[in-house]
Each structure stands twice: as structure tokens, then as C-alpha cells.
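First the structure, which I've put down as C-alpha cells, then a few questions once you've had a look.
So that you can tell them apart, the chains are marked A, B and C in the order they are listed, and the count of residues begins at 1 in each.
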Amino acid sequence: MAATQTQQVVEVGYGGNERLMMNMGPQHPSSHGVFRMILTLEGETVVAVDAVIGYLHRCHEKLGESLTYVQYPSIASKTDYVAAMTAELAYVAAVEKIAKIDVPRRAQYLRVIVAELQRIASHCLWLGTWCLDMGGALGGGATVFLYCIREREMVLDRFEELTGARLLYGFHQTGGTRYDMPAGWDKKVRETVDFIEKRLDEYEAMLEDNTFFRVRTQGVGVISREVAEAVGVSGPLIRGSGVAYDVRRAEPYSSYGDFDFVVPVETAGDCYARYRVRMVEFRQSIRIVRQALDGLPEGPISSRPAVKSVAQVRVPKGEGYTRIEGARGEIGCYIVSDGGPKPYRLKWRGASFSNLAVLPHIVPGHKVADVVAIMGSVDPVFGEVDR
Amino acid sequence: MTSVTLPPVAWHAIEAFIVLNVLLGLVAYVTLLERKFAARMQSRIGPYYVGRPHGWLQPIADALKLMMKEDIVPTTSDRAVYNLAPIVFLVPCLLIFATIPFAPALGVADLNIGVLFFLAVSSLEIVGLFMGGWGSNNKYALLSAMRAVNQIISYDLPFIFAALVPVVLAGSMQMSAIVTAQHGLWFVAYPVIGQLAFVAFLVATLAAENRVPFDILEAESELVAGFRVEYSGMKFALIQLAEYAHMLGTSFLGALLFLGGWLGPGPAALGPFWLLLKAMVIFLLVTWVRWSFVRIRVDQILAISWKLLMPATLLLLLATGLVVATRGAGGG
Amino acid sequence: MTAADARARIQERFGVDAVADGGLAVTLPRDRWPEFARFAHDELGCRYFNWLSAVDWKDQGFEVLCRVENLDTSLVVTMRTRLAAGETRCPSLTPLYRGANWMERECYDMFGIVFEGHPDLRRILLSDDWEGYPLRKDYAVDTPLAPYR
């Protein structure tokens, strides 16, 4: 195309179609951060995708090796900055597991409450941006986006009341939580989830009853169970492909065993199935929040004294992998400790990284417009992909 | 009024000048209307600070801003085509107003083939669109231009068929005659046929104006901004102007063909007001759809046109012909 | 299949004792790495590929780890293999698990471990002209930055 390019490779297929290489990203309205897809197009149809990631790489694993167990949690939240509560929790839970540190029940319940509120906030952002991808910044998508942001803001307000921060919290610490809830907070949380629950009905009415939304999502971006497992996707993606896999159920952590909730499963594997799964998860999260608030025990919020020095937490020699269910799927930390105040090796298993890896397997054969719909339904957060 | 002895050409020129300027002002304020309307739908306020109350100076500020912006021409573009495209796009969009009468005998030219002229000229905009997409030498723009050609070819026919229904009912292609024929019964209220034709007209309008859910050529989530991705400054402003002028023109056409034009209660001097009001109703209907739907895919758009809208409007036109023929036979 | 069954079968087939630690951890020689992966995939039903990574044990060489799961029976198998000191080659699991593609690329990117049989072994997170492998222990954090290009 461009005269500045020295060579333009044009493959002519047997159908007489010329292939066009198109760059989508890293600066692109629907790249959800900084993501680059090199699409090979035949007309409007995508025949090949090369995904280029790493634009947001900060080498979190190296940082984890050079910061102590006390310092790192505040940075851990920057891996998945859209769901910072769960990202922090993943690291802290891994440290607790290797060091065999107990967590008081009140802290466990508080962790569940914030993790589920975070899931609600994260799904709100997902729904909004996904509709923005399909409907455009100057269209119906923007309307849903603004509605969702409005609801997400309410959850962020609750977090602000709890921790003083809106996006990156520093709420969890080894052995418990850093803050207890302020007076009257539980009432406000109840009001917030009641309100959001009502609004969910509105979204569903606006989207599911809309034929255009259905034709854009049903049968688009089908991930078969085989592909889902081989690639290792998790969270709503694998549940949308017919596997009832949820870490909260498979390996309950933070007293998730105490709560009654449903793991939604859809079998179609398309964008619509993933949408349905997340819509049910919204409601299940609200259910869990209510149960946790009802049963919130009294007691200390941390089994360890307040942090006074950066090398306060020492972990005996050993290693272990701990996982939790984040908003986007399984977040895990593999930590190798040599007995010092810093981990010898920290491996992040980012849910978005594995989820995004499915794109090259499902995108070819779709139209250009579907690429952004599929991409949005995967819900990647590039802080977590690139780490 | 014609007591001033001017040659007819000069008289038309003056009229055209007035209509053009009123129109440009109207287009500017239509954008404000849309923004405020959309803002209300999205529980926002919309433009507010530029000209209180409620940002009534916003369109002027926007125009000034766009005029002062740097005009960027990509080095690899086809300069002549790239520079010409906004003008080629704008001219047909303004030309359609030539045949629109705002009241009896108030308009630039009430041609006896008015509707035909409108339909023919309004579909010329595709040339400008394609020139813009091609001349930018940008892959997004190129894809958008391809889509534009596909879509406009597909939707012009249903658009024309739907617009022809009132023409058949009125038995004339002259806008004023069509309005006159709606004395007593607006065509939108004509049993069955009128409503169907109006709905088809609205859908085809959405597509012809490239509005959500049919805005695949703008499609900012995949094609960034489509054919206008490389345009900036005043050229961008001209494209925006053309789009809104086209939208406004189509709204006027709808008001004239289906909603009884300037007919309404009160003295005849209120005619232009009624016409404007009806055009705004159509405009807001289109806007309402725009801000509540998601965009559909190019293949689905083509399928809707060729498999549903085309045959449906064709049948409707046929039915209208039959109705008119039997009515004529019955002495009505 | 329970973890105990799987453990017995691994013992019988590969002659190694799996360590039960919230799952089964199996340490293998490098040569049997793909063979064991095939066994886990086909016979233990571990079709879910969770993650693959490595640890740099300095002068004792690299250790490559891979976690696969059977989601139906909640069987977790962590495969580990130790590469000899100075050795950077390891057989690839990508032909078996598609998810290994990006994980192995990341591992190559960070540790310089070359996965033999990988279809597309390029750097994934770092830029293509990056020098060195950051997660190696001998990659000093205070290495002067390459001049800005």
C-alpha cells in the first residue's frame, strides 16, 4: 500500500483474492490497552492473526524477586489493575500458603466480600467496553458503557471508603487484611448491590432483547471445549465452553466453602455464552456478598502484627503454587522461597495471558468486525497479559 | 414578492444563498440537538460550558476549532483525490435541499421531478466517500470505502422504493403536489401501506445515512474512523457537515413524503415551522435508534437489504400501485 | 482416576515417585519430558494446560515446570525436569498442548531456554532486539540500559 514500505507482499489466492495485511493496534480504539494484532485479510475475512503482546511489560516476576514479601503486594495489584483486589490476594495467599500463616475468619470473610465486589466492578467494565467494541463510541455501545461505568463507580466508592484508594488498594497483607470495615459500610454495600442487581435487569433487557446484539454475538468466536482446555483458558471463557471449572469450587480458598453459589455453565462457547456466564456471575457475586455480610464474624483482621519493617515476613524454604478465581479466571502465583525475605522465584499465571492465547485459534475465518467482538468477549487486561 | 425586476436566475441564486446559510446554521444546531439528546439518554448533561445555558455556543466553538486545526495531508496519499473528496462529498448533500419546499412556493426550485432529483443526487455522495477512502491511502479507509460502496448500492434501492410509495399515492413527483395530496390524510396514516412504507423508509434512511446500526463504514471500533481517518481540520469539518446535511435533508424528505410537510393547525405562515418540527421528529427517531443499538456486521447488513428490505419494499410498491389502480377504478 | 491411582501408574510406567503436594509433582529426566506429557494427556486425562515456567538454580542448571490438570477428576500433575548446567535446550510441548505455545515463548524470552520442536519460538514480551534473558539469576538488575534507539 504505502510507498514508504520497501516491499509489499501480496499473496494471490486461488480464489483470485488478494491478501491484505492490516495492523490493528497497538494504538487502536478497541485494543483494550496496548495490543497489536497483525491481521491477514481476504476482503473482509480474517485468514490469519499474529498477536503481538508485551507493550506493557514491566517484568513483574523480576520485580517480585527483588522486593520483599511485605513490599510486593502493593505492586501485585498492578498486574491486573482492573481487578486489583484479586491480584493482590493471589500473591498474599501464595505467601500465606508456603509460610503456613493462618488467616483469621473475619479477614477471610472481608477478603471474600472485596473479591466479589471487585468481580462485579470488573464485569461492569467488561460489559461496557465490550458493547463499546460492538456498538461504537458514537452509538448504542457508548450508552451501555456509560451505564456500566456509573455502576462500577459505586463499587469503587465503597472501596474508597474501605481503603482510601479507588483503583489500587493495598488492602490485603500477609496474615489478613490491612483495614477493617468502617462503621456503616456493610449497609452501604448492601444498598450498592441491591441497586446493581436492579440495573442488571435493565442491561439484559437492553441487550438480550435486541436482535442486533444477538446476531453479533451468537455463533461468533466459538471456543470448543477441546481448544479451551488445550490452550488453558479459564474463568468465564472455559465456563462458556461447557466446563464447570471454577477455582472457588475446585479448591476453595478464603472460606469460599461457607457460601452457597452456582457456577454458571454454558455449552455454546460463543461470545453470547460468555456474556451469559458473566451475567449470571454478577448475580452470584451479589449473593456471595450478601451471605458474607450476613455471616461476618467478629474478631481480629490479621494474625500478624502491623508491618514495621520491609523484611518482617520471612518464609521458610519451600515452594508452592496457589491460585484464586479472579474476574478473568485463574490467577496463580508460583513462589519458590530460599528462606530469605524475598522470593527466589515468582511466577505469575495471569488469567488474561492464557485467555488471550486462544485468539489465534478462534479468530481466523471471522470478519473484521467480529475480531473486536471476540477480543472484547475474552476481556483481557494488558497489565496482566504482559505483567 | 416578485415585483423586484430580477432575472429568474438571480432570484434563484438569492434563494439558494439564503437556504444554504440557514441550512448550515441549522446543521450546526442539529449536532447540538443530537448531542444533548444522546446525553440525556446516557444520563449525562452533554455540552454545557460553552455558552450557558446548555452550551448553545458549542457548535460555533467546534467549527472555529476545526477551522484553526492543522490540515494534515498524508505524504503517501493521492493528493488531488484526497483534497477533492470532502467537496465532492459535500456538494450532493447540500444540493438535495434545492428541491425541498419549506412552504408553498418557498424553496429554491420546486421541480416537477423533485423526488427523483433528490434520490438521484443524494446517492452521488458515495463518489466522495469512495474518493476519500481511496485517496487517503490507508488500509482502514480503503476497507471503509469498500464497505461504503457495498452498503449504499444495497440500500439505495429499498430507499427509493420506499420513497416511491407516497409518489404513487399522490400521483406526482413534485414535492408540493405530494404535500397537497396529503390534505386530510397524511401518508403515514394511510392504512397499512403508509406505516409499512414509513418504517422501511426509516430503516433505509439509517443505512443511507450510515448511522448505527448500519455505520459500518465509520465503525470506529474496528476501522478507527473509516474513510475519514486521515482527514483533519476543515476537511474533516466538511465531511461532518455533509453527513449532517444529508441526514437533515433526508429528515425533511421524510417529513414531506409521509408526515404531511408543512400542513398543520394554525395559519399558513406556520408551515415552515411545522415542517421543521416534523423533520426534527424523524431526526430524533433516527438518533434514538443510533444511541440504543449495536452495530451489525457487513454481511448481515447486506443480507437484511437484499433478502428482506428489497423484496418487501418492492412488494409494497406493487401493492400501492394496485390500491391506487382500484381506487382509480372505483372513482376515488 | 484418583491421585493415588495416578501415582501408582506413574510409578509403574516411569519408575519415579510422584510427590503428593496438593496434586502430583513428578520429576523427570529431560529425555522423558514429552513422553510423560503424552502419558499425562492421553492416559491420565490431563488435557487442561495450566502453565509452564522455569526456575534458574544458578550453577545447578534450569528447572522447567509444567502444570496440567484433569478438570473432570480434579487431578493436578506438575511435571518438572532439571536441565544440566549450561544446557538450554528442552523438548517442546506445543505439539501436544496448544497453550504451551505462548508459555514456552515467554520462557524462552525470560530464560533463554530453547524449546525444540516449537513452531514459532520468538520473543513474546520483550522486544525482538533485547539482549540477555532477564529472569536468569546472572542477569544483573543494574545492567546499564542499552542506548536508546
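Keep this in mind: contacts are C-beta pairs under 8 Å (C-beta built on N, C-alpha and C of every residue); 3 or more make two chains touch, one makes a residue touch a chain.
Keep in mind that what you see is a predicted model, and the values were worked out from it rather than measured.
If each chain is drawn as a node and touching chains are joined, the picture is a simple open line.
Here the chain at the heart of the shown protein, by mean C-alpha position, is A. Measuring from the averaged C-alpha position of chain A to that of chain C gives a distance of 24 Å. If you average the Cα atoms of chain A and of chain B, the two centres end up 43 Å apart.
Between chain B and chain C, the centres computed from C-alpha atoms are 61 Å apart. Those residues of chain A in touch with two or more other chains do not exist in this structure.
Partner chain A is touched in their complex by these residues of chain C: 21-22, 47-51, 53, 55-56, 65, 67, 71, 74, 78, 97-99, 101-102, 106, 110, 123-127, 134-135, 141. Per the touch definition, chain A reaches chain C in the complex via residues 53-54, 57, 59, 61-62, 65-66, 226-227, 229-232, 243, 245, 250-251, 320-321, 330, 332, 334, 336, 344-345, 347, 349, 353-354, 357, 361, 386-387. Residue ranges of chain A in contact with chain B, taken from their complex: 1-4, 20, 22-24, 28-30, 41, 43-44, 131-143, 146-147, 150, 206, 210, 212-213, 215-216, 367-372.
On the side of chain B, the complex with chain A involves touching residues 38, 41-44, 75-76, 137-140, 142-143, 146-147, 212-213, 215-216, 218-224, 290-300.
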